[in-house]
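Letters A, B and C mark the chains as written, and numbering starts fresh at 1 in each.
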Amino acid sequence: MNRFLNLFSIIAVISLAFSSCSNDSDENVWTDKEAMVKAMQWQEQHPIFAVAPTDWTNGAYYIGVTKAYQATQDPIFLAALRTMGYRNEWKPYVRTYHADDIAISYAYLFVHTTRRGLVDLEPTKNWLDAHLFEPHAWKEGNDPVRQILWWWCDALFMAPPVIAYYAQQTGQMEYLDAMHGYFRETYDLLFDHEESLFARDVRFKVTGGESDRLEENGEKIFWSRGNGWVLGGLALLLEDLPKDYKQYSFYEELFVTMASRIKDIQPDDGLWRVSLLNPDGFEHGEVSGSGFFTFALAWGINNGILNEEEYKPAVIKAWKALRKCQHDDGMVGWVQNIGDSPVPANKDSWQNYGTGAFLLAGSEVIKLSGN
Amino acid sequence: MNRFLNLFSIIAVISLAFSSCSNDSDENVWTDKEAMVKAMQWQEQHPIFAVAPTDWTNGAYYIGVTKAYQATQDPIFLAALRTMGYRNEWKPYVRTYHADDIAISYAYLFVHTTRRGLVDLEPTKNWLDAHLFEPHAWKEGNDPVRQILWWWCDALFMAPPVIAYYAQQTGQMEYLDAMHGYFRETYDLLFDHEESLFARDVRFKVTGGESDRLEENGEKIFWSRGNGWVLGGLALLLEDLPKDYKQYSFYEELFVTMASRIKDIQPDDGLWRVSLLNPDGFEHGEVSGSGFFTFALAWGINNGILNEEEYKPAVIKAWKALRKCQHDDGMVGWVQNIGDSPVPANKDSWQNYGTGAFLLAGSEVIKLSGN
Amino acid sequence: MNRFLNLFSIIAVISLAFSSCSNDSDENVWTDKEAMVKAMQWQEQHPIFAVAPTDWTNGAYYIGVTKAYQATQDPIFLAALRTMGYRNEWKPYVRTYHADDIAISYAYLFVHTTRRGLVDLEPTKNWLDAHLFEPHAWKEGNDPVRQILWWWCDALFMAPPVIAYYAQQTGQMEYLDAMHGYFRETYDLLFDHEESLFARDVRFKVTGGESDRLEENGEKIFWSRGNGWVLGGLALLLEDLPKDYKQYSFYEELFVTMASRIKDIQPDDGLWRVSLLNPDGFEHGEVSGSGFFTFALAWGINNGILNEEEYKPAVIKAWKALRKCQHDDGMVGWVQNIGDSPVPANKDSWQNYGTGAFLLAGSEVIKLSGN
């Protein structure tokens, strides 16, 4: 049994007193694009990070800003991207063995396409070369949890889309091949074929032994944000993966398989619970996981990979609910804090990556036909 | 004929659907000073640049902030100037041959007067020495467009006021003499005596040949912001030029000549069009050029160089219209994007230098008697 | 007689036209915690400093942010602290002989407790070692004003709490002993036993000679913020001083003695005047001094050192008045500018350390029972 879930029971009860997502005022008159601008403005005014402004939290946020700019062409997003990159000297965070630390380079790669000579891609190249092609303890697999380079499912959002984007810009396919090798390792280790979902890491795999972690309802623990990282990362990856790449269908099929399951388990109010298969555990919608899911499903529709008729109602329902999690000052609430498993959020809990998930969702929703 | 104007016809039609400048609410209750503070606050919260925070776009903006502080003595402006300078390590941008890159030093020079030991003027001095006194390809004049150091009229805003301010603070007149030499070259090359306006660069000079660029109404292309750079730059320059400087009258006469023409071609609603002699081309007022003109005309009145009775109505009309281009959140819209020739703006187009032009205009308008 | 007071008489009359503290709207619906968040948000959007972002003005502000975070656990405060420290590379300002320059390290020391490996404490340690244990002219006492290391009473806020916090974290008691030696020197030099208040520095000590500075009502000049630095600093210091430290009672007794006097001279409207014993000189409440006093008195109650029944009404009255000095956009006004003696403030005068004093006050007020 999962002991630490009990630790948060009291917190959960308190946070549920707020009921589910609903912002300060009953009605919010912003357009979707205005809501995205407000979210970004609030986040820019409240910089936050775990270890540094180049870490994965900002990485995920600025992928959202990048997609918001691409979708709206509003220069207010591009200005934020350029300022961030300039201040960070276009550097990834320092640990070349840790997939988290390259997520920020997605934004750098995009800004590079907006003006020649503005971005220094050398630090990104050096990081990727070390990460993909140099030896490291995790690659050797002697640690019980860290058995492979990308031993936790979040990594599939952090590194693969950056690698595919880099390969697309430079035409160097050996980066894609290396990426695919590591991706398959993670897939083989953590994908649960029965449930069509990813375990966060091997600690959450169920083997029938005494140490198995299970939800109170007896289900396996599938973390919403963890699966959001994977499905959202797949959408980003597929966008830059050449259609004729030999492994393209592997990714597309995985995307469709997961998308279908995610749609099927969507709660009635539109937002996924932190523990996907134990929705009654913490009964409120959570924004970071839900944002990534909404982004991915809408991206699938917009790119002809998911059936519009089937998926659009789920996307619209989710987006409407996400909009209600945004406060009147632009802040996006109901974001689960940094973690590795289901823990409740509340109306006032925010993080930059939650804003990023909101922006990603919005960037595809506004492209939906008739929306 | 000017081919690229056609490219923007569709955009123009769209932007005109917004009608001319008018902000979100019908009425705005801010005082002029409050409007200036709001403009600065919005801009500080939305940093933007072309290549770096020390580039000309920020240079023009922070000249506006400097003048706003001098006019209002509100420390909220000084705080922004100091923070900017500290973060930029009081450095100009890197190209010592390019006038754009020294504009930011105007603010540094001012901050230097507010507290001893706070500002490092060494980078500014080194930049100026290289720019004025070292050889460079542009000075040799072998390029068809870049025939002189300051081959584009914008340069007259970027460098001369900084040089005059530096000479005033250090008493080193050789900087003024060097400045005058380069200024005269630009004047000789680009000033159109018939029209009393500046061509943006030699590509816009009309020679009667096949390659002449003309507006659709047959007029020459005189870019509003380009002439705003010159006239605004002249006002800044005259402020620091010693009255007994041997060339003082050259600058004063040029200022009066241009001011008179600019006043005469002011559209009825107060704001100049992007193409000064083709007001029907893009029929909306544009803020960056208009802001610089308004600043210059008001400065001329406040300094006894322009006749108050004659010029004040034009200034008041322009300022009222500029105020209407500011949104309720402080953002100054209707600013033409970075460019080198007339292109339409719209209600939502903003740039830091547009905010700078707005602040410059306000800084002189609030000094007008009876205002 | 104090000549320079006359210089500000005209300013005083003007500022009094605003009446005392009262914000834009008649009523403000924020909770105390919301008011603290708004104050911090405004300040973060308006960075200001005297010489650098690591100077004492930011030092005092971020001590306020630290206490606000500790009291509310709202991560919005912690995010600001981390961003600030990261940008400043966890460095104190440069003068190792000047107590002002270590105040910023209080925030670094706190952030260090929130995540291992995030903060580099080496610069703080090096600064303290030089300050406490290396020779310096001020320690030799040849200057008529700068006779001791901490020759001005503000220093007792800037350095001792940082030293006590550092000693508490490292267990190195020799830092405390060195601190005590310097603190006693300041106490011996500047504490006025008759009045139970501190002279700002020896220039304000009254010796019966011709050069004595006195208020117009004949009283000695006791600067509100100066004494606020001392009393607020004592509260911070006592929090980290081991209860069994041999000199603990010295600090506790000094705290109680000053607190008692400060309470007794509280003006009816709740806020102390800039010159404590000449309340009719500049008749308005001032926020920085009052904020530090309110913090200290509330801290004394919350820690069982001051009698709740006796002191709580004074604290509540002061806090209510402080709240009225906050504008509707979050800005905390009525803060006396940088100085060393009583000078009037006004509704619109703000400084980061004033916001810090407001946050300190709020951080203890929200802990009061029944509040």
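A few comments on the model shown:
In this text, a contact is a pair of C-beta atoms (placed from the backbone, for glycine too) under 8 Å apart; a residue touches a chain by one contact, two chains touch by 3 or more.
Source: prediction; values computed, not measured.
The rotation relating chain A to chain C, fitted on Cα atoms, amounts to 120°, rounded to the nearest 5. Taken over every residue number at the interface, the positions common to chain A and chain B amount to under half, indicating a different-residue contact. Computed from the mean C-alpha positions, the centre of chain A lies at a distance of 44 Å from the centre of chain B. Residues of chain C in contact with two or more other chains: 45.
Those residues of chain C that touch chain A in the complex are listed here as 41, 44-45, 74-76, 79-80, 82-83, 86, 115, 117-118.
Within the complex formed with chain B, the residues of chain C that make contact are 45-53, 350.
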